[in-house]
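Structures for review follow.
Two complexes, one shared chain (subunit A), two partners (subunit B, subunit C).
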Partner chain A sequence: MIIPKLALRNLLGAGLRTWLNVLVLSFSFVAIIWTQGLYKGMGDQAIHSMIDIEYGGGQYWHEKYDPYDPLALQDAHGKVPASLKKMIGNGQATPVLITQGVIYPSGRFQSVLLKGIDPSQTIISLPSGFIDVEGEELPALIGSRMAKSTGLKIGDMVTIRWRDAYGTFDARDAMIVHVMSTTVQSVDEGQIWIPLKKMQELTRMEDEATLIIVSKDAVNPPDIQGWEFKSLDVLLKNIRELVEVKTAGSSIIYVILLLLAMLGIFDTQVLSIFRRRKEIGTLMAMGLTRAKIIGLFTLEGAMHSVLAAIVAAVYGIPLLIYFAKKGWAMPQAVDSYGFAIGEKLFPTYSAGLVIGTTLLVLIVTTIVSFLPTRKIAKLKPTDALRGKLS
Partner chain B sequence: MKRTVFLIFCFIGIAVIGMAEVPSGDWILKQVDENIGSDNKIAVTQMIIHGRRGSRAVKSKSWIHGIDKSFTEYLAPPREQGTKMLKLGDQLWMYTPSTDRTIKISGHMLRQSVMGSDLSYEDVMEDPQLHKIYDAEVIAEETYLDRPCWVLELSSSETEVAYYTRKVWVDRERFVILKEERYARGGKLLKTTEVKEIVRIQNRWVPKKIVFKDVLKSGKGTEFIMESIEFNADIPSYIFSKAALRK
Partner chain C sequence: MENTYLIKTKDLVKTYRMGGGYLIALNQVNLEFKEGEFAGLVGPSGSGKTTFLNIVGSLDSPSEGSAVVMGREVESLSHKEAAELRNRYIGFIFQTFNLLPVYTVFENVEFPLLLLGLNAAERKKKVMNALEWVQLADRAKSRPAQLSGGECQRVAIARAVVKVPSIILADEPTANLDAENSHNILRTMERLNQELRTTFVFATHDEKVIRYLRRKITLVDGKVAKDEIIEQQDIKGDNR
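Showing the complex of A and B:
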């Protein structure tokens, strides 16, 4: 017990030098937790939005559906299977029909994805109820990004042209009944939502769908021939990988910070051993083994990280809580990065993140503190007492 | 009374004579196809695409065999020069000299616009016989470009046609379409074509200059100029092979 006490007394006795090291190390603590929390928050927010607004509890894709190949959409539709019809009837799934189309806002030509959805569905949080309109005109729902890029607004009429199941051209004038504001670009950019039944009728794809979204509480979705079930793990794979890449990319910042802090601790240790040769010699003369002296110096160094954790907690916890509650306003350009994070990013800090970061800093500091102390092992007590380093 | 009966007979007589003079729409359409149709064709064409930021010309040479086989080589502009496309049935291959690679393109590409023009690849690369896919009915007689025309309404007799209905103005003497309106299934007018110049080649009347216009889009449309055409040309079979793309 004497070693830890001695180590703490020595450390605090070093005064400003210790506190400078502790402060730099505490910056590393806060920076690591903050940046990791930001990326975790970004991932969590995007995943939550996408599940809520686009993916539901998973999706059945028609076997020919490939979201990255709009040309293949022409064949990517089929009759809704009987087993899924039952789920749709029970409110556990909703079909979506997708086809390629063209709109002509202000005489311009613009390719769009025409999507048909049941206006009364409650599986995803898309405001499909707005297209539940009876009348001559085809009601259409678009997102705010689409509205911005096309110049369309509520009440505007726009001509939509598409090819039906047999390749025959058809066109209708549609009325924009609502412009939704959503964080999920993939239900907004270049898309027009219309009532499913109307779309099935217009495209001569009666009772057909391209994909079927199942509800979040649906359990064990059955295997269906001609349809592939895409679980949330599959659907969210890209976004998770993107977050991992971003997190790895950001690690360079805190690796630099950590390196700076470690450099400070390493220098401090080297200096301590050099300046405290006589003290080492005295301790040896008093009967302390070399291992115990090495332990003392290593513990002194490692205690920097403990103090840094306490200092980081003092100013870091209020700062991180503030960001977690108020969020971090995102610049406009972030909307085009492909992340469904909206106007504000709310960081997420988990216990694992805090404990993991503390352990990481503690281990790295201990190793860095130990390295210079190896010299003590070679030190002769007589030389040390005379202030020599052999 | 006698006078009234006489007048009724006169009207019926005129109507019968009139009806006898107007051939059936299907017969007219067949004449149109016979005038322009050919098993093999080699054509050099130029498309002038009028866009928002100016006009550009695309020149190409096509070897066409019926509706299933065609081979097109782009001659201009320099950026597209040497690009070749081969269509066999619903399969499409494209060769680009810059990459020196041949790639197979989805058959759906045929429905896309050719280099931003008002024409799709199927418009350019296919040569369908209208009488086989449409039922025609004469609905009026009009004069267009100082030529007497029958106005025919075509309604699709097959399910898989691009335009559900068409309205065509056929020259009564030359059996060539001078003007055309293409409609969507819902009845909306989508495209118009207007022939601006006609020439006589190999005893056929051939539109030399046509203006295609996507009426839903603003702009002046796309001019299609037939620089030369050879009907029933002798096309070697290797032309319709993938090997020809790299030659």
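Showing the complex of A and C:
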């Protein structure tokens, strides 16, 4: 009972040194929570946009479809199953046909994914309405990244070549009717969206699809022969892992900051045990056991983290709330991170994050504070009183 | 307690390993101290005075022989039991005062009472009482750094007596003080000894201290060379 009181007295009595340690520790505190929150927000936002613009409420994949195997794409299509026709009719699902193609923007050669989608679909927020064009013209929708890498603009004509269902090459000129700006790269980079009906005609894949996107409010998608249902959990697995890796990666710097703080505390502990040998001897003479003295010194060190938590709360909470409200403007370069991020990021801080970080810092500080005190366990009272440290 | 001695040593030997051989700091010391004594160990430097106080104070253990303090054999006490013995029955006064620098005067004196688990009201009463004794009640809120050496030692005395221990062990308490301060604290200790019956054992070679002693034990090379009772004749006149 008296030990915490004494520890706090000693800690505050040490003045500037204590506050320096506390300040560094509080920085790492806030920084860790801030980055973790930022990445959590980033992940949430990315997942949200991917659901919104690409995945819907899950997808049926043709059994041969494998997004990582372009060669398999040739055979990854089949008649839209009858059992899904009703859902499609009700606006609860929409088919997408995908095939490998090549475009020749200003004479160059570039391979693309040709994607056919129903212009009137409302399942995903891809702006397919732009290719809802009457007439003979083949309208095409591309993303801003694609536009940048190919140099294509609205109104440009581009030659597209593909193999049809029977392996015969065919080609058509398409007109870029819209360039969409999206945070989701996987509907943008290297892709051309054209109306599904036209694509089915051109590729001679009447009524066929590669995948069928189900709406978010469709419940219990049925099992269908030849098609595999991919739930959102499956579809988002990769991106979730990616976010985790990024989060861990960018936390390294704050772990280093934390280590610095720990080094400071370790150092303070070693020094204070050395300088206060006589005090330790005096405490022993007054009847404090070694275990209690070790507890006292450990607690003194560990209390750095308590003070740091308080200090961090004082400036950290307003700061974190501010960013959670106002968002964090992302630099352009972040686009190359590989997942969808808006221009503004809204960090999300969970109670688990804050409590977890606090506990982590507390535990690490306690261990670091305890380690140097083991010297006390071997200290003889007479040596301590004479200012000796064996 | 079955005997009337607070401290009783029997053939007490303390040796230190030095290089190849041994250094004998205490050699067959047999001493007894009764309640209310005002005794001092004197003798040349290195004669074993501090070593004796350390063993009696259960800060150190004998190499041979035994030391019984408050009915407990010091050499057979565990670390925890020794701490308990010191906490309850023994007050220490050091040459270098050894106050805790970050604590106020009040907190320094309060410390042993915190260890004994007294409540705040009791602590306050006893601390202020002890500070009255050493005439430092008005400095309760000061820190050791703001006090003179004599004042520091008076705080240390207050800290030693606040729990009303049976024994106070004082190792060279006046070595860092001038004559006036030395007399001041010695008179304080003498008064405590007479009014509270606290047993004082000093280790000193300070003539000023020796003049206050009522029993003078001379150590030479770790042996008791002389053990004399000093009659308090002219001392009361206080022209020491």
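Basically, the second predicted complex is superposed on the first by the 355 of 390 C-alpha atoms of A that agree within 3 Å, B and C clash if a C-alpha of one lies under 4 Å from a C-alpha of the other, contacts with A are read in each partner's own complex, and residues count from 1 in each chain.
Operating definition for what follows: a residue touches a chain if its C-beta (ideal position, glycine included) is under 8 Å from a C-beta of that chain, and two chains touch if they have at least 3 such contacts.
From a predicted model like this one, the values you see are computed outputs, not experimental measurements.
Asks: Let's test your reading of the overlay: on subunit A, do subunit B and subunit C clash or fit side by side?
Replies: Aligned on subunit A, subunit C fits beside subunit B.
Asks: In the superposed arrangement, does A:R163 touch subunit B (first), subunit C (second), both or neither?
Replies: In the superposition, A:R163 touches subunit B alone.
Asks: Which partner does A:V255 reach: the first (subunit B), the second (subunit C), both, or neither?
Replies: neither
Asks: Once the structures are superposed on A, label A:Q74 by its partner contacts, choosing first (subunit B), second (subunit C), both or neither.
Replies: The first partner, subunit B, only.
Asks: What is the contact status of A:T382 with respect to subunit B (first) and subunit C (second): first, second, both, or neither?
Replies: In the superposed model, A:T382 contacts subunit C only, not subunit B.
Asks: Can A:F109 be said to touch subunit B (first), subunit C (second), both, or neither?
Replies: The first partner, subunit B, only.
Asks: Per the contact definition in the header, classify A:I2: touching subunit B only (first), subunit C only (second), both, or neither.
Replies: In the superposed model, A:I2 contacts subunit C only, not subunit B.
Asks: Under the stated touch criterion, which partner chain does A:K278 make contact with: subunit B (first), subunit C (second), both, or neither?
Replies: Second partner only.
Asks: Roughly how many degrees, to the nearest 10, is the angle at subunit A when you join its Cα centre to the Cα centres of subunit B and subunit C?
Replies: 150
Asks: Quick one: smallest Cα-Cα gap between subunit B and subunit C in the superposed arrangement, Å?
Replies: Result, nearest C-alpha distance in the overlay: 73 Å.
Asks: Once bound in the complex, which stretches of subunit A touch subunit C?
Replies: Against subunit C, subunit A makes touches at 2, 5-6, 9-10, 12-14, 278-279, 281-282, 284-291, 380-382, 385.
Asks: Please name which positions on subunit A make contact with subunit B in the complex.
Replies: For this pair, the touching residues of subunit A are 69, 71-72, 74, 104, 106-109, 159, 161, 163-164, 166-172, 202.
Asks: Show me the residue ranges of subunit B that touch subunit A in the complex, using the header's touch definition.
Replies: 106, 108-109, 111-112, 156, 159-164, 182, 184-186, 188, 190, 214, 216-219
Asks: Enumerate the contact residues on subunit C facing subunit A in the complex.
Replies: 54, 57, 59-60, 79-80, 83-88, 92, 94, 96, 98, 100-103, 107, 111-112, 114-115, 159
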